[in-house]
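You will see chain A twice below: alongside chain B first, and alongside chain C after that.
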Partner chain A sequence: MELFWLAISTIVIGVFGCVAWFWGSNWVLDRIYPARGPQAGDNIRKANQIRPWLFLGPAILFLTMYLVYPVIDSFWRSLHNANGSRFVGAANYTWLAGDAKFRESMVNNMLWLLVVPALSTLFGLLAAQLTDRLKWGNIGKSLIFMPMAISFVGAGVIWKFIYEYRASGEPQIGLLNWIVTQLGGEPQIWLTIPGWNSFFLMIVLIWIQTGFAMVILSAALRGIPEETIEAAILDGASPLQVFFRIKVPQIMGTIAVVWTTITIVVLKVFDIVFVMTNGQWGTQVLANYMYDWSFRANDAGRGSAIAIVLMLLVTPIMVWNIYNARKEVR
Partner chain B sequence: MSGVQLNRVTKDFGPVRVIHGVDLAVEQGEFCVFVGPSGCGKSTLLRMIAGLEETTGGQILIEGQDVTDAEPADRGVAMVFQTYALYPHMTVAQNMGFGLKMNGHPKAEIAAKVAEAARILKLEPLLDRKPAALSGGQRQRVAIGRAIVRGPKVFLFDEPLSNLDAELRVEMRAEIARLHRELGATMIYVTHDQVEAMTMADKIVVLRAGRIEQVGAPMDLYDDPDNRFVAGFIGSPAMNFVKARVQGGQVVSPAFAATLPAASPALTEGRTVEIGLRPDALRLSGDGPFQVELAENLGGTTFAHLRAPSGEKLIVQTGQRLDPAGGGSLGLSFDPADAFFFDAETGQRLR
Partner chain C sequence: MEGMAGQKSSLTWAVNIAAFLLVLLWTIPTLGLFVSSFRDRDQIAQSGWWQSFSASEQTGFVRSGTAADQVQDGPLYVIEGQATPEGQRLIAWGTSPRNPAQYRPGETADLGDGATLSVAEDGSYRMTSPQPFEMTRGDRIFVTTSAPPSFTTQNYRRVLTAEGLGRAFMNTMTVTIPATVIPILIAAFAAYALAWMQFPGRALLTAAVVGLLVVPLQVALIPLLRLHNEIGLGKGYLGIWLAHTGFGLPLAIYLLRNYMVGLPREVIESARVDGATEFQIFRRIILPLSFPALASFAIFQFLWVWNDLLVATVFLGNTREQLVMTGLLRELMGSRGGEWEILATSAFISIAVPLLVFFAMQKYLVRGLLAGSVKGG
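Entry: the complex of A and B
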């Protein structure tokens, strides 16, 4: 009960704090530069120059506190030893360069980067196009979108059950092994098969992200002017040609946004790997590796170095994503 | 052989019938205009000929060939849309060549045909541009070029000038008319603008609520309308109508002091009719009972909006300039031979 009241009062203080800040700060500004008197015009101009900062101020403050400062601090820590007591220069980075597990994480991240956005976007595009032409398409869409509502941890647990292994002869509780044994095959410990197990993990993220891609692309497909499609049909284009030569090029910008958005999710992938394999059997990825070093090995230096590498990988894609999204809005 | 022939063509959208058994023959090389108010089915009919709408009943023939169930691309038609419908990601040249490319023509042939169409439409300097970098008039020219390149048996135009400003519309109207002369192809053109219909058509098809009201050359429709709808639709400003009654061999209208001789045997005693008079058939004459409500002075001509003693409104076209604010009252006269008579209920012309 105490917690409840604490939560309520936090919300009330937060909301009214915001109102008080915006109302109060604007009130003060209007007192300092009143919009009347002999200098009314000059005052309005000055007030209008300051006013945006009143609105932006809190956001800038909190972003600096929770985003910019941690980045700088991480970078600073990455130049220090495990407990931050000694400056080590680039030692953590040179260690990374020679570390086999780090290289494995990089390779896996690259694989994730190639496979997941590509397949999610492709399946999303197909789902968007096909569900638009079905009577029960909207139900299909809801079903495909549903995994989006599940947390990555939840999805990881669900799929862990699907890949679950029981010794041959025992009843299989994992869906995949049940199907395999029903077809007369031997049950496999899927998540330990080197090379393949990473792909079994990727399927989980594709399963989640396809819904996202579908919703965005479906909206884009509906935005294509119907006449261009009719003109193409009159021009003798087959349905496949209409799709690939008329529809897809017209939504290329949206496809780029979807692709890059999923790419960023992929680069940060952590929960799925953490829950399902914890990076064992050759499935390690950067985010999970960073967690391992930061919070299991308690080596803030090496953990931070991995974090900085991860950030450097995400940044260019992020910039391109924002650039494309802005272009879409225009 | 007809360019396009429609035999008892019908179209249902679910339980609603929107085209009610249309019969029509468009001669080869003819410029045929479908005209009518919005929702009359003119665009639907055009899209049925194009194959973009399924035909529920009846038969469509293009140059003698039954295409009722043929694919749009196999009908030998090309269409120009109101919104241009250019492919935004392709250049002008690619837009125009897309149809040929889809039908597997060799590159050299496509380039030659695109160049030829570009020459006819004066699009050569624009060939490498994307549609976004073109003005409305240029876009519509490209859309027409895309149609020309395919060398279709029939050109279909779906309100192609509606998105252009007034000046460009006049220019493009002349351009399409010139194109028709040069290519000599069958063209079907949908519009709600009766000026376009009157100026461009060899044959006008007036449609209302999914039925053909009348088919004929522009001046035939103007001079000899079959019914009140066509009489009111063709001609601008529209024909004036006043209520009247046949009494003692005369047509008596509360709007006019004078009566008209019941010139037609269809004007039987006691029948309620409407008298139709074109604005240019009426003449202003000195003082009289017609109040001037408003005058539109266009310089060369003036449209005077009058109110008859019976309360009916009349528009008169005159060379005489009037006070734009109206005021005063005038007399009207006309030659009884210029009057049309329509049945008050069915709207049919009484000849």
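Entry: the complex of A and C
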């Protein structure tokens, strides 16, 4: 109950504080440069120069403190030893280069990068196209979209009920092993099969991300001008040809956006690996490895170095996004 | 879909079936969790959840009564009792482990020396012998029974009261609500400035916001934790609220700015001409008109904070009192992986709130996704 009041009072204080800042600082500004009197024009001009910064102030403060400063600080820490007491130059990075677990994480991250965005986009496109003109299409879409609202941890539990293993001969309570045994195969401990186990983790993320891809691509498909499709049909194109030759090329831009967005999710994938295998059996990924070094081994230097590697991997997409956003503004 | 007339119906069928399969494939995992959360531990351990809708067969044995339980019935000594658990139907029974289903219900087995055993349809057994029984340990009676499908809400009662989930639920609420409300206000003002005010550096700031959208959280963890410790915040709710506010701001500003830019220029210009201050324009015109975008972001942030594990683990600590639901689930998965009924029920409770929000506010969620699909968690 105490907690409840703490939360309520924080909301009140937070909201009230924000309002007080925006309202109060505006009020002060209007007192200093009143919009009347002999210098009214001059005052308005001056006030209008300052006002944007009052509106932006808290946001800039937060962004700087919680996103910009940490990037710089992480980089600086990555050049130091475990507790930050000694400057070690690039030692953490050279250590990374020779570390087998780091290489495993990189390889896995690359696999995730190849598989998850591709399959999520593919299934999303398929789902968007299939449900597009069905009477129950919207319900179907909702159900495919639903996993997006589920936490990665919740998804981990959900998929535990799919992947669970029982020795051959016992009743299988994992759906996948039950199907396999019904077909006459041997039950497998899916999450420990080297090389393949990463794919079973990827399926969880694909399951979550497909809905997102579907929603965006479905809107894009609806935005395609009807005439182009009608013209193709008149020319005798089959439904498949219409889809691949007419529709897909026209939504390539959207596919790229979906692809890069999922790519960023994938680069940072943490919870799924953390709760399902914790990086054992060759499933380690960068984000989880970073967590291991930072908060289990308490080595801020190496942890930060891994975080900076993640940052570098994200950077090309960041640049591409900024480039596209600026193009739109113009 | 517009094929020739004859092909059309078969193609429509194919599309319907394919779509149905896809939807089924995507729904089954969640359905499995939902069904499992209503089964007790033995049921979960003995059969898959997909078999829970049909009667399940089980084989086991019970021990008959001992010599102490016998009563005399005319010339016979008799031991009577119940061989099947309450509510289960007897299918077959037997007296030896090698052939546990040798007899039908109602049949009588010869135990030698004139002794007999019969198990009736209703599961009651009757053991008779012309001489007094002398065993001190009951004989084994093997029974194959069929239990009707049964579901229980016991798991929910147990989890909510005894397993600390109620506490974790409150913790999650406490983290989520302020972390959703506060960034909205800060972002709304910033977005208005970026969208409708003229000042040098505006384009640069907008680009910076787009860039910050994709910064991996991992980079921020160690520096911010140290920062919080240095300024005396330590691990606690205030720290996690601030952290979520900071991490959520780029998406908030980006979504709101994109929406506000599209508002009709005339309305704002005419208000300015009429002498309204920027603050009045923001409060009276921009905020009400931007409601859909505000709702979109609120849902995003709510789902994201509610479902977050990493930020909570790092900024809130991991004692039993501090755990949020994702953290608790993780702990249950690790330390008590065998207690499926607890795991399934806890997981379902933890995803129930986001699912409710999802289905109730899907419209705004979709709109928000379409407006700015750049953020990646």
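By our rule, the second predicted complex is superposed on the first by the 318 of 330 C-alpha atoms of A that agree within 3 Å, B and C clash if a C-alpha of one lies under 4 Å from a C-alpha of the other, contacts with A are read in each partner's own complex, and residues count from 1 in each chain.
Everything that follows uses one rule, which is that a residue touches a chain if its C-beta (ideal position, glycine included) is under 8 Å from a C-beta of that chain, and two chains touch if they have at least 3 such contacts.
Quantities reported herein were computed from a predicted structural model and do not represent experimental measurements.
Once both complexes are superposed on chain A, the partners chain B and chain C fit side by side without clashing. Legend: residue contacts after superposition of the two complexes on their common chain; A:Q241 is shown touching chain B, with no touch to chain C. Shared-chain residue A:P249: touches chain B; no touch with chain C.
Look at A:L6: by the touch rule set out above, it reaches chain C but stays clear of chain B. A simple residue count on chain A separates chain B from chain C, and the partner touching more is C. Across the overlaid complexes, the C-alpha centre of chain A sees chain B and chain C at an angle of 100°, to the nearest 10.
With both structures placed on the common chain, the touch criterion links A:G303 to chain C but leaves chain B unconnected. When both complexes are overlaid on chain A, the residue A:A231 reaches chain B alone and has no touch with chain C.
Chain B and chain C never share a C-alpha pair closer than 6 Å once the two structures are laid over each other.
On chain A, the patch touched by chain B and the patch touched by chain C overlap at residues 233, 238. Of all the residues in chain A, the ones that touch chain B in their complex are 225, 227-228, 230-238, 241, 245-246, 249-250, 252. Of all residues in chain A, only 3-4, 6-7, 10-11, 14-15, 18-19, 22-23, 26, 30, 48-49, 51-53, 55-56, 58-60, 62-63, 65-71, 73-74, 77, 123, 126-127, 130-131, 133-134, 137, 140, 142-154, 156-162, 171-175, 178, 207, 210-212, 215-216, 219, 233, 238-239, 257-258, 261-265, 267-268, 270-271, 274-275, 286-287, 290-291, 294-295, 300, 303-304, 306-308, 310-311, 314, 317-319, 321-322, 325-326, 329 touch chain C in the complex they form.
On chain C, the positions that touch chain A within their shared complex are 1-3, 11, 15-16, 18-20, 22-23, 26-30, 32-33, 36, 44-50, 170-171, 173-174, 177-178, 181-182, 185-187, 189-190, 192-194, 197-199, 202-203, 205-224, 226-227, 237-238, 241-243, 245-247, 249-250, 253, 277-279, 282, 303, 306-310, 313-314, 326, 329-330, 333-334, 340, 343-344, 347, 350-351, 354-355, 357-359, 362, 366, 369-370, 373-377. For chain B in complex with chain A, the touching residues are 50-52, 72-73, 77-79, 81-89, 98-99, 102-103, 146, 150.
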